[in-house]
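In this document, chain identifiers A, B and C correspond to the written order of the chains, with residue numbering beginning at 1 in each.
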Amino acid sequence: MSAPLLQSLEQGFAGLPPAAVQAAQLGEVRRASLAAALGDGLPGARAERWRHTSLRALERRTFSPLAAADESLVAGLARQIADTAPAGADEMPAWLQTLRQLSAQRVPRLVFVNGTFAPALSQLHGLPAEVRFEPLSQALADPARDPRELEFLARRFNAADETFARLNAAFALDGLLLRVPAGVQCAQPVALVMLGAAAEGDRALHLRHLVEVGEGASLDLREYQFAATAQANLCNSLVHVHLRRGARLEHLRVQAEDADAVLLARTDAVLAGEADYGRTDLELGAVLSRHELNVSLQGSGARLRSNGVLLADGRRHLDTRLGVDHAARDTACELTWRGLGAGRGRAVFHGGILIRAGADGTSAQLSNKNLLLSPHAEIDTQPVLEIHADEVKASHGATVGQLDPAALFYLRSRGVPEAQARRQLTEAFCRIVLDDLADTALREQIDALLAQRLAGVGA
Amino acid sequence: MLKIENLHVRVAGKEILKGLSLDVKPGEVHAIMGPNGAGKSTLGNVLAGREGYEITAGTVDFGDKDLLQLEPEERAAEGLFLAFQYPVEIPGVNNTYFLKAALNAQRKYRGQAELDSMQFLKLVREKLRVLHISDELLHRAVNSGFSGGEKKRNEIFQMALLEPRLAILDETDSGLDIDALKMVAEGVNHMRSPDRAFIVITHYQRLLDYIVPDFVHVLAEGRIVESGDKSLAHKLEEHGYAWLDERRVPERSAV
Amino acid sequence: MATERNDIEEALNRRYEAGFVTDIETEYLPPGLSEDVIRQLSAKKHEPQWMTDWRLEAYRHWLTMPVPEWAKLKIGPIDFQSISYYAAPKARPKSLDEVDPKLLETYDKLGVPLHERAKLAGVAVDAVFDSVSVGTTFRKELAAAGVIFCSMSEAIQEHPELVRKYLGSVVPVADNYFAALNCAVFSDGSFVFIPKGVRCPMELSTYFRINAMNTGQFERTLIVAEEGSYVSYLEGCTAPQRDENQLHAAVVELVALDDAQIKYSTVQNWYPGDENGIGGIYNFVTKRGDCRGARSKISWTQVETGSAITWKYPSCVLRGDDSSGEFYSVALTHHAQQADTGTKMIHLGRNTKSKIISKGISAGRGQNTYRGLVKVEKGAEGARNYTQCDSLLIGKKCGAHTFPYIEVKHPSAIVEHEATTSKISDDQLFYCRSRGLGEEDAVSMIVDGFCKQVFKELPMEFAVEAKKLLEVSLEGAVG
């Protein structure tokens, strides 16, 4: 007897448009992926990779897929964005603030509302002509398309605990397709925006994205996940990142979903030689958010920088699982993550670093610091080093504790009241992850968003 | 302005200050000297309100307030400033932001209008100019990655900006080269005024060549054992602290 | 260069020094495991009914348990029916004077003084040979202080009330697969009881030796330190060199009441198998200390250089307020050895403290894993932990892995974990060599320095032995 969650999805699959399921000869893959997910079920308490995140509450819920756009909803959102009547910036919700900024700065963007491409909110032009930038649904609907372009969708997920990747492979009919050819430097940033909104009943939304940066090319990608209205949907997204030789990708991901939304995200990145991948992740919302970030450094000299913050307040459960795989010589990673547990929140962090035999000259460094501010909150952290080469420098550090009393005293001795001093130090504690954002305007904007969120965090 | 009477302080169960008394009036500069472990830094920390110091006896009046009853930020707002011996590095907290928050919190406490960003920046630039400090300092995080000299300079800059009634300099001269030392002294001298007092805590006489004190006190074994004018500092420099012990021997045997 | 290589080859093939076999008449139970075998074993030891029942209950539970899946260990299936669960020298001595001289010779060769003439060494020793204890020294002196130090078999006969009270109270029968097996078939081990307020007048020590073929050793150690008492206990282990893998599945339970302190040190030198990974001991041990009383303290120190596979996590349950736990470990794997070791610090009481210092050294194709858990429970106000895990890599084909779990549920807790992995520093090696040291000497000097923090926790004689063991185990590791 499978769980209600999987039963509801199985029923939902039968209701998907047959043409969309069959498109690009993916019908077989989709059905097999669904069968595998149903066969193995959801990862249980004994699944090591899910040790600190229980799916028992989620598995009792039911969700139905949503395959068509809600035109009136999108039109309503478009009006709100276009409406330039001054609203106090503080009260403006994050999604609206961000979309207005993107629109004002004419940033090329794909916006998905409840898992479906929303042309009215998107802007496809503005990138160099050689760049392929389109919704996946458009490519799937085009019978003339070279099937090799969509090969990534045929990937099978073999491990029993990859339930959500399998479900994604079965269900995802839309997403971002972004290919930057060799040598192209994209001066403009590109945005991917996923908006959740209340729809009839709770919905399961699946999105699949591909970001490919060609040899020596560079791109600045901003990925946003917001709630446009209060909702309790399940959003399951899978991002493939391919960086060719010498490619550079700066990737910002901000997740500020509704406090009832469930997010399951996975990013699989593959880096060729000398490729450079910089990431900043902000986990600020949702009731349950699990993000798996798998980065394979396959070419020598490939580099990863990953910074992030987990803000687990309220009754939020945030679980980020990094898996960095050093498979080539002279690769490097630097991981700086901060976690905060307040209210009844729980922050779970796993920082896995694997250095394979032969990956000499590798350097790997992880810092995970956490603040635990409430007697009902919990922090679980597991930094892992798995090392099979000897010419390496690897280290990790993890701490769980409180604000530094010496710093607190210093601020108070200068006249800053205690509550304000605590907030300043908490902000500073988290802000460190933004240090590597090169775009000053963006950094200030994200800093403000973070500060706004932290202002609402009581101990 | 500051009246310390018979102050006894314990740290981790050990008595460090054993009946210290000191009276500081507006406009005065008091130097407190003493050997390592005499309790010099304890005095600074107790006055600023650091946790972990148990006051077992004595009183401290600051103006018309019982200083020991005040929170650290209230002491600051009342006009007390401690230049730390080891200024704390606070990565991620911007110096300007921090100072504006501090200054405005103090102004609010005193019932003065808060400064807006423009007014604040104007004030900051003025102070920087006087102290010959580059405004690069403003963009950095509080003391983060600063050299020893830069940290001390930042303390003096904060003092200049916050304009306390009483400033306590806790071994501000330690680890400074002569140029940095002069800069610190210049900052202090510039701020000397009839209604502002200083307590300069130091191990060496050197700083007192540049900040000339009205009074010099010797702190040893938790008490002020000798007070005098600036010539006392020179005597100490010449003879070392051992000289004090020798002088105190008869007193001890008399007890 | 070629000659150097040859020297290294030679050193590499040097004999495991404790790898001799003692030719002595031995009584076995036939291989195999069943309720009957357990009844026979219990009968041979003249155990009371409650003990037989306890064993049977454990056995029945064991049958229901799944064989553990190994996260990081490569291990073939173990045939539990091919192992003999009881082997003992036939001549049963009444006192040490009657002990077979061959046995005494064995312990002499191992450097363990069993004879009272070795009083000079000043350490009380219980020696366990295959399945049974062959003698405990210094009994009179200890008895005068009120300390009970005897084999577990004797304790069951002579102090049943203490054994019944404490046995299985730290590691429950159903704790894990190998602990359950141990409960069912344990043959002997050591029992220590330090009464209230007594500071044990000398170091206590047990020496374990597997001699017979095809046997498993399942010893059981129980140490109880009453209020305000102190004991330092040392454990050493060796086995002869054989081609088959032999199983060692021990359980050690420590109980510290209010203000009591137990210091438990291990130098584990079971036969590691040869350079091709043939033979060697499977060392699956459950060690746990219960800081039951306020201000109690349990400190584990281990130097693990032997065994083909080591699987052990000496742990502390910090139940009493202000109690503290420590874990100091050096684990070395060379050739095809695999070690998966670490600790669990479970903070339950208020103001509990724990400290973990782990040093892993991997050489050859050795795989060394630190696995640890620091858990701060809801009531553990003011809990503190500091963990430092360092790994040293010597050679291209070895592995070093660090798997700490940190779970914190109290906002006043401060938990810090740091880990580093690096190869032995070329700069340090060069510096030593440029001062005239040979490469191996330089390596052992650097390794010794790397382990210093742990060695200094060991009693003096053990520290010397540990250092020597490390040197021997590392021979041939560089080049």
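The working rule: a residue touches a chain if its C-beta (ideal position, glycine included) is under 8 Å from a C-beta of that chain, and two chains touch if they have at least 3 such contacts.
If you want to know which protein each chain is, UniProt gives these names: A = Fe-S cluster assembly protein SufD; B = Fe-S cluster assembly ATPase SufC; C = Fe-S cluster assembly protein SufB.
Keep in mind that what you see is a predicted model, and the values were worked out from it rather than measured.
> For this structure, I'd like the pair of chains sharing the most C-beta contacts.
By contact count, the leading interface is A-C.
> From chain B, which chain is the farthest off, judged by mean CA positions?
The chain farthest from chain B, judged by C-alpha centres, is C.
> So how far apart, in whole Å, are chain A and chain B when each is placed at the average of its C-alpha atoms?
Once rounded, the distance between the two centres reads 49 Å.
> Taking each chain's centre as its mean C-alpha position, how far apart are chain B and chain C in Å?
Roughly 56 Å separates the two chain centres.
> Between chain A and chain C, what is the separation of their C-alpha centroids in Å?
Distance between chain centres: 45 Å.
> So in the complex, the part of chain A that touches chain C is made up of which residues?
Listed in rising order, the residues of chain A that touch chain C are 48, 52, 341, 357, 370, 372-375, 377-402, 459.
> Give every residue of chain B touching chain A within the complex, in rising order.
Those in contact with chain A are residues 48-51, 71-73, 75-77, 81-82, 84, 87-88, 90-93, 97-99, 101-103, 105-106, 109, 141-142, 158, 162.
> Report the residues of chain A in contact with chain B in the complex, numbered from low to high.
On the chain A side, the touching residues are 404-407, 409-418, 420-421, 424-425, 427-432.
> Residues of chain C touching chain A in their complex?
Answer in residue numbers: 71, 376, 378, 391, 393-423.
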